[in-house]
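Chain nomenclature is as follows: A, B, C, D, E, F, G, H, I, J, K and L, assigned in order of appearance, with residue numbering initiated at 1 for each chain independently.
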Amino acid sequence: MATTQTSQGILADSQSDTREHIIELLTKAYWMEVETVMSYIANSINPDGVRAQEIIESLETDIQEELGHARQYGERIKELYGVVPGSLDFQAEQSYLQPPDDQVDIVHVIKGVIEAETGAIDYYNQIIEFCEGKDPVTQDMVTAILHDEEGHRRLFEGFLREYQSEGLA
Amino acid sequence: MATTQTSQGILADSQSDTREHIIELLTKAYWMEVETVMSYIANSINPDGVRAQEIIESLETDIQEELGHARQYGERIKELYGVVPGSLDFQAEQSYLQPPDDQVDIVHVIKGVIEAETGAIDYYNQIIEFCEGKDPVTQDMVTAILHDEEGHRRLFEGFLREYQSEGLA
Amino acid sequence: MATTQTSQGILADSQSDTREHIIELLTKAYWMEVETVMSYIANSINPDGVRAQEIIESLETDIQEELGHARQYGERIKELYGVVPGSLDFQAEQSYLQPPDDQVDIVHVIKGVIEAETGAIDYYNQIIEFCEGKDPVTQDMVTAILHDEEGHRRLFEGFLREYQSEGLA
Amino acid sequence: MATTQTSQGILADSQSDTREHIIELLTKAYWMEVETVMSYIANSINPDGVRAQEIIESLETDIQEELGHARQYGERIKELYGVVPGSLDFQAEQSYLQPPDDQVDIVHVIKGVIEAETGAIDYYNQIIEFCEGKDPVTQDMVTAILHDEEGHRRLFEGFLREYQSEGLA
Amino acid sequence: MATTQTSQGILADSQSDTREHIIELLTKAYWMEVETVMSYIANSINPDGVRAQEIIESLETDIQEELGHARQYGERIKELYGVVPGSLDFQAEQSYLQPPDDQVDIVHVIKGVIEAETGAIDYYNQIIEFCEGKDPVTQDMVTAILHDEEGHRRLFEGFLREYQSEGLA
Amino acid sequence: MATTQTSQGILADSQSDTREHIIELLTKAYWMEVETVMSYIANSINPDGVRAQEIIESLETDIQEELGHARQYGERIKELYGVVPGSLDFQAEQSYLQPPDDQVDIVHVIKGVIEAETGAIDYYNQIIEFCEGKDPVTQDMVTAILHDEEGHRRLFEGFLREYQSEGLA
Amino acid sequence: MATTQTSQGILADSQSDTREHIIELLTKAYWMEVETVMSYIANSINPDGVRAQEIIESLETDIQEELGHARQYGERIKELYGVVPGSLDFQAEQSYLQPPDDQVDIVHVIKGVIEAETGAIDYYNQIIEFCEGKDPVTQDMVTAILHDEEGHRRLFEGFLREYQSEGLA
Amino acid sequence: MATTQTSQGILADSQSDTREHIIELLTKAYWMEVETVMSYIANSINPDGVRAQEIIESLETDIQEELGHARQYGERIKELYGVVPGSLDFQAEQSYLQPPDDQVDIVHVIKGVIEAETGAIDYYNQIIEFCEGKDPVTQDMVTAILHDEEGHRRLFEGFLREYQSEGLA
Amino acid sequence: MATTQTSQGILADSQSDTREHIIELLTKAYWMEVETVMSYIANSINPDGVRAQEIIESLETDIQEELGHARQYGERIKELYGVVPGSLDFQAEQSYLQPPDDQVDIVHVIKGVIEAETGAIDYYNQIIEFCEGKDPVTQDMVTAILHDEEGHRRLFEGFLREYQSEGLA
Amino acid sequence: MATTQTSQGILADSQSDTREHIIELLTKAYWMEVETVMSYIANSINPDGVRAQEIIESLETDIQEELGHARQYGERIKELYGVVPGSLDFQAEQSYLQPPDDQVDIVHVIKGVIEAETGAIDYYNQIIEFCEGKDPVTQDMVTAILHDEEGHRRLFEGFLREYQSEGLA
Amino acid sequence: MATTQTSQGILADSQSDTREHIIELLTKAYWMEVETVMSYIANSINPDGVRAQEIIESLETDIQEELGHARQYGERIKELYGVVPGSLDFQAEQSYLQPPDDQVDIVHVIKGVIEAETGAIDYYNQIIEFCEGKDPVTQDMVTAILHDEEGHRRLFEGFLREYQSEGLA
Amino acid sequence: MATTQTSQGILADSQSDTREHIIELLTKAYWMEVETVMSYIANSINPDGVRAQEIIESLETDIQEELGHARQYGERIKELYGVVPGSLDFQAEQSYLQPPDDQVDIVHVIKGVIEAETGAIDYYNQIIEFCEGKDPVTQDMVTAILHDEEGHRRLFEGFLREYQSEGLA
């Protein structure tokens, strides 16, 4: 559509198939982040207890971070001539992050977060691998997001270990 | 569950049925705001064009505002002894806010926003009416949110009028 | 004019007469605030004297506050499908807030402010009463403005009392 | 005393009895907030322990909030032509918020806070009810304060539940 | 009146006639700015449409700027031993800045702003000329204000040209 | 109680009697500051008049300062292994800072503040003297607070002198 | 020249030829950014019209961003032991970004920006490719800059599409 | 001394005599501002009384302003190839701004400030006149400073009038 | 082109020839500032050495300042109905500010800056003289810029003197 | 070495032996703080668990505080004509603050911090005692640092007590 | 004069002689700081050269610091019932800080600053000694100021050493 | 230990050996940064002289930057399931950054910094190379740190060149 076409890099005409594939990968990543926002809102309000406060504060900070990731994915989709999907396309998948029966059951939340982050880490590694030598901009962007997710999972693994060492998980 | 019960107001034991009903109303309102966040992210990235920028900026500001509304609804649910629902309960309803076929079709977005705000305004008026004399705290909170939505709809109606006067809508 | 009509609340079609009446009330309130801005600019520059400084500072702060009130009234008029009037419609009424003959006559200014605030308080109480059960958003907005005016009048009544106790008023 | 009397609303001459009664209600509310400030200072310094930190931080934030409430009550008393009482009128009543024998006994503090908030919620609901149709400004102000207290009690009920689920309370 | 008289410059006794004339010039300029504030409030709320947003934002910024000009004129009047006039002296003159019949008629607003700025530019040039060699402080102050108005008119002339090139004005 | 005991300074085991005495001194100082907070809230709301504004602003600033002093005393009590007392231990003593009969009687307030500061200065000098060579940390802290109180008393003595020179005190 | 030579990476002695080549690439990139700054200053002042404002604001923000890019290129040249060239070496090349004959011809500006960004994107992709496995620091830096340029071009392509859909381009 | 001489304006070789004269004028102005700083420090600490606070606050703000003026004069001296004089050259002249016998004698301070400002206004008018057509930069700078001094004198004249109207001056 | 013509001052129809001449003067000034930006970027990156840091910091600050000057010139050109030129019109002239052969040759840079500032000072004095009585707004703006340049040259002359006194220049 | 010697206080020639001794004391204190920084970095990253977060946050804040203490000690050494030692002089001594075998063993960290703070408190008390009547500046500085350390130890003693009361320490 | 006398500490009636003596000491210290402000203004404008910039920046920062010291001394004089002296009492004494014949003679300035600081350090040590056991508040205040002066002298001694090691001083 | 294992990327089970090796590399890098912090503290306090100030300021900024690097290394170790080592493991290696005999010997410091940065650059290049295709997150993080170190070394090489050109190094 543009009047002047780039001849180099991922935006070149010759790269349209690769671009299509990256858009697909980014679209799924986009939905993962959006669902995480939803899950973290609920899980930053529902839990009861003193120790829950630490997790609530952690998730509250993450809501903005994950929203930012979603936005980055959406904007990259746009830059690659794709379209960010509407709410009708949304499919919930984080069954492990639904509210527990008992709101003091923090271990349920911790395990859910680890599960969600693990899925994201695996998936983002695939995107990084695919982009190698094809789209360094997307690769860099996803690498930075991957770092956030790795750090976040590590933190919640630590939370889990405490409960395990107390025999509560 | 609490050791000391209030005897006055919406948190009194005797008000548990009313409380249940308000929680239901708030839960639906919560989902409306969450879906709006989703729709506004997509619609603040997808559109093309100079005039679209004005709408994009307006929606970007609204994303944080609507996220704040969702959070207020969620926290009020919690205060009334309810539970904020998880992502599996989400049902998309804003068919009118899906990405248009052509990304320069701004009128589609404007009409979608008006539709969404109209639905919210009607629904929030019902909540306000129901709370009258029963729960002044919820009533006040929803009235303030209603004001935001009314102002927002008025703005987009103005946008629409311009396109209409140019014969574009 | 809008494509989608609300069926609930003050913006519903069926409420157009009530809306018209509220717009009239708000228009008069709008002009009261605009004239107050004008009067406070003059009265925050003209007076001489050490004690006048306290009143000048108080009025300088109020200029922005009253301008904000005017803006709120104007925006509410717009939201209710009215039109904010132009300068030709302005009719000065605050005869009691004109510059005194002698610029050290602070009592003149104090009494003028009390007179102006009293008029506003009476009038805003009427708006609040009229909106009861009809337009909770306007009612809330005017109640907040009323609080400002009540606090402001109380302050100037205190100023007056000091001069009275010194036999100067 | 004022030179110009309002004829509408709570400040009208005809409303002096109602005004007297509201001043009484507000005076008691004022003392409740002042005592809460005192109790929260002590309870935000005394407790020992990691989990106590969360409660200490929560109470430290609340000190400023409750001081603000006390100030709002005091200023409203003044606006209604009353007088804020001096320290000789103070009567301590929060026996449940005195320092426990053992400074790691956090449950004692949590229960004390819930007790204090419950008392405030009940009392403020009465003020709101009394002001209905009589003084919308006071009503609005107390409703906003009530919201703070409800949220705060809900938080400490959650703290208590955690200790209960661990068999410590 | 002052105990110590300056013997040099515009504040010297011998300059009282010149001072009187400058006060007259500044008083008219003061009213021009005050009316502009009024007109810009209305015109920053009334218009509908996407393109109107740009003009609304521009006028919103100008309201504070023009209010600042009014204040500068008022304070200079005071410094030259004059008195800032009260609201009863106000005469509306900006017939070209009244709200149009149709709120999407932006060209009406643009032309009105150009008209208002043109009047101010002409008038301020006269003040600058008169002050030459008589009152460098007033001259400097008005030159700075003149610069603001010239820039502002140029901006709206640009707006008008766009509509003209599209055959809409 | 601690696993590792310091052998030097005020926290050493051998100093427990001195520590007990300092805690007693600090506890009384703590209550003096708390009562001052209470007195200053009332006296920063009640007075009427232009000149009262200067005193009100001064006291409003002091409320936060005195609250800070109370907090410092409380935290030092904690550091020395004492317990901050609860509200039931409070005994009002500032009879001279109760609201006057007439709210324009500013001299009453000024004298009350001087009285309160004088008591604090005398008492804090005793604490400083006692701590010499025993607890340099407490000594430093109280010296800094003493400086605040001396400056504050001097200011209000100046206020009093003005009224005396006008024959009003 | 340095006393201590690195033996690893792009700064190693053995890499001086590669280094020379990268300096050449960076020098051209440096000039591209400098010319863009010049072009954007002119194009952020010249255009007339409401819609032009959006483009003006966009370019104003970009001036600082592009200046930052130029600075980054210059500093990297320095780090690689090169010299940033002086103004005599400058050769204008952006014939497509010269001021149009008619200042309301925004399409001319938009196409010029797309042309400039396309050239930058192609060229920066070449630098990234050349640096692969040779100089990760330069590669990272250019990748980040590339991302900015891609996003910027996409935005202006969207602007162009609007004009195309209106038959104006 | 400079390698490259300007041939235009006040810095041209041919203007060295004029430059010398301007440096003399600026040096005296420099000392006037420095002495004012000294006088205002003393007079912002010494006075007693509630009304004195207003004057103290006014002078405290002015200390920084007058120090800024001194600095501007000093820097302009430097720019014109002069040397800012050392403390041994200082000659006190403001006999009217020495501390009064009685620290509640505010009228003494007010009259002293008016005297000081009057001297400055007269002197700065002479500098402005001398610079006409010779040194526009100095002229502009002094005009701006003159405006500050005129406004300041006007304020203190107003203070004096209040005391005069009360028969105290 | 504008619908409403000013009849007074530089924007009046009768002044079009004068306006053309001022635009020419401003256009040359515009290019001088743009080239200075270019030269200062290079000279704030290239130099080596501890003493060079002081010069680098000074130039870095100046880049923004000179860019601001360029912008002011450009905007004034626009206000006078001229067009800011494109990059193809640029002619490099600052041969004295090209990078020296040796990057520790700071004296080269210092002399270059003095040369550049001297040229600007001479030229701006001419503009000021031409505008006298014709265009006070341009005159004021250029006078303020002239002040910046004079101060800047004076600083670098001081730098040069140090090197001269050490026999290095 | 200095040209002008002080004859009074710790910097006097006659005090060189005392100065040497204080430098020795400060050097050891400097190393204690540096090692604490090292230990707190490790202990603010390694621990796992929800409760660990409170300790991690506390230590993260302390890193900057302790670094500030180290800096203060270093700068005081310099002021007393000593030399801050290099890294080769560092001897690790905090065996009790090494990472535990199990990263959820928080009690290990808490005890280590108490041990470190106890050592610092004892040592700083000695410095304060030695400086009495010899070097008030050092004495004041160390007293302020001592206060920080006492407060910090008290906090961690409270943490320990909680674990003890739960039978975990 | 005060209605209520302190019986403890330096403000007690019995301490009036000591108080008189401290006021004398503080008055001399006050003048030392004021003259330093004067000297530093001149010496932060006059010097030429790159290395001079470091000293200029250092002195510019010190002007505000020394002005703050002067203010602290003045306010303490006031608190002890003394009067801050007027400008007629000023006696210049810093012959060593007058402008040198040649403005690149930085060594002259450095030696002057060391001389000034040495005098202050000696004198402030005497005040501290005199206050021991008599006025801890003044003692603390002067100790803090002494620390500033010691650090400042040490910095300039370092500057001098560099010039000495280069054989320039 | 984690309940859910990633199967992709460096955190996958199959990558534990690679992970171990990266942790070793990061641990050494961690200690290099920690020692640099120590060396820079000493070298930002010890040096004397005007030119030393530039280096001191540069090192002061770097302390926070290098501390940040150490923290990044430590946190990455944690994320890869390693443990940040304690102070007993520290081995000083920067013999070239110990304090020189003479504190005006800046060349000693400059050469030490270059040596330290050279070591870091070589080592970080190795880490980057090792991570290629194995751990993009670590690779990105180290590349960013490498950029900082390269820029820093280049700056100090420039410092050295100045001294060399003056024959001082």
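One rule holds for everything that comes next: contacts are C-beta pairs under 8 Å (C-beta built on N, C-alpha and C of every residue); 3 or more make two chains touch, one makes a residue touch a chain.
Note that the structure is a prediction, hence the values are computed from the model and not measured.
Shared contact partners of chain B and chain L, listed by label: A, G. Our note on geometry: chain B versus chain H, Cα centroid distance of 60 Å, whole angstroms. Taking the mean of the C-alpha atoms as each chain's centre, chain B and chain G sit 42 Å apart.
Between the CA-based centres of chain A and chain E the separation comes to 54 Å, rounded to the whole angstrom.
Looking at chain L, residues 51, 54, 75, 78, 103, 140, 157, 161 sit in touch with two or more other chains. A complete list of chain pairs in contact reads A-B, A-D, A-G, A-J, A-L, B-C, B-D, B-E, B-G, C-D, C-E, C-F, C-H, D-F, D-J, E-G, E-H, E-I, F-H, F-J, F-K, G-I, G-L, H-I, H-K, I-K, I-L, J-K, J-L, K-L.
The touching residues of chain C, counted against chain D in their complex, run 111, 114-115, 118, 121-123, 125-126, 128, 139-140, 143-144, 146-147, 150-151, 153-154, 157, 160-161.
Note for the complex: chain F touches chain D at residues 34-35, 37-39, 41-42, 45-46, 63, 67, 70-71, 74-75, 77-78, 83-88, 90, 92, 94-95, 97-99, 103. Touching chain A in their complex are the following residues of chain J: 47-54, 102-104.
Contact residues of chain A toward chain J in the complex are 51, 54-55, 58, 106, 157-159, 161-163, 165. Residues 1-9, 11, 75, 78-79, 136-137, 140-141 of chain D touch chain C in their complex.
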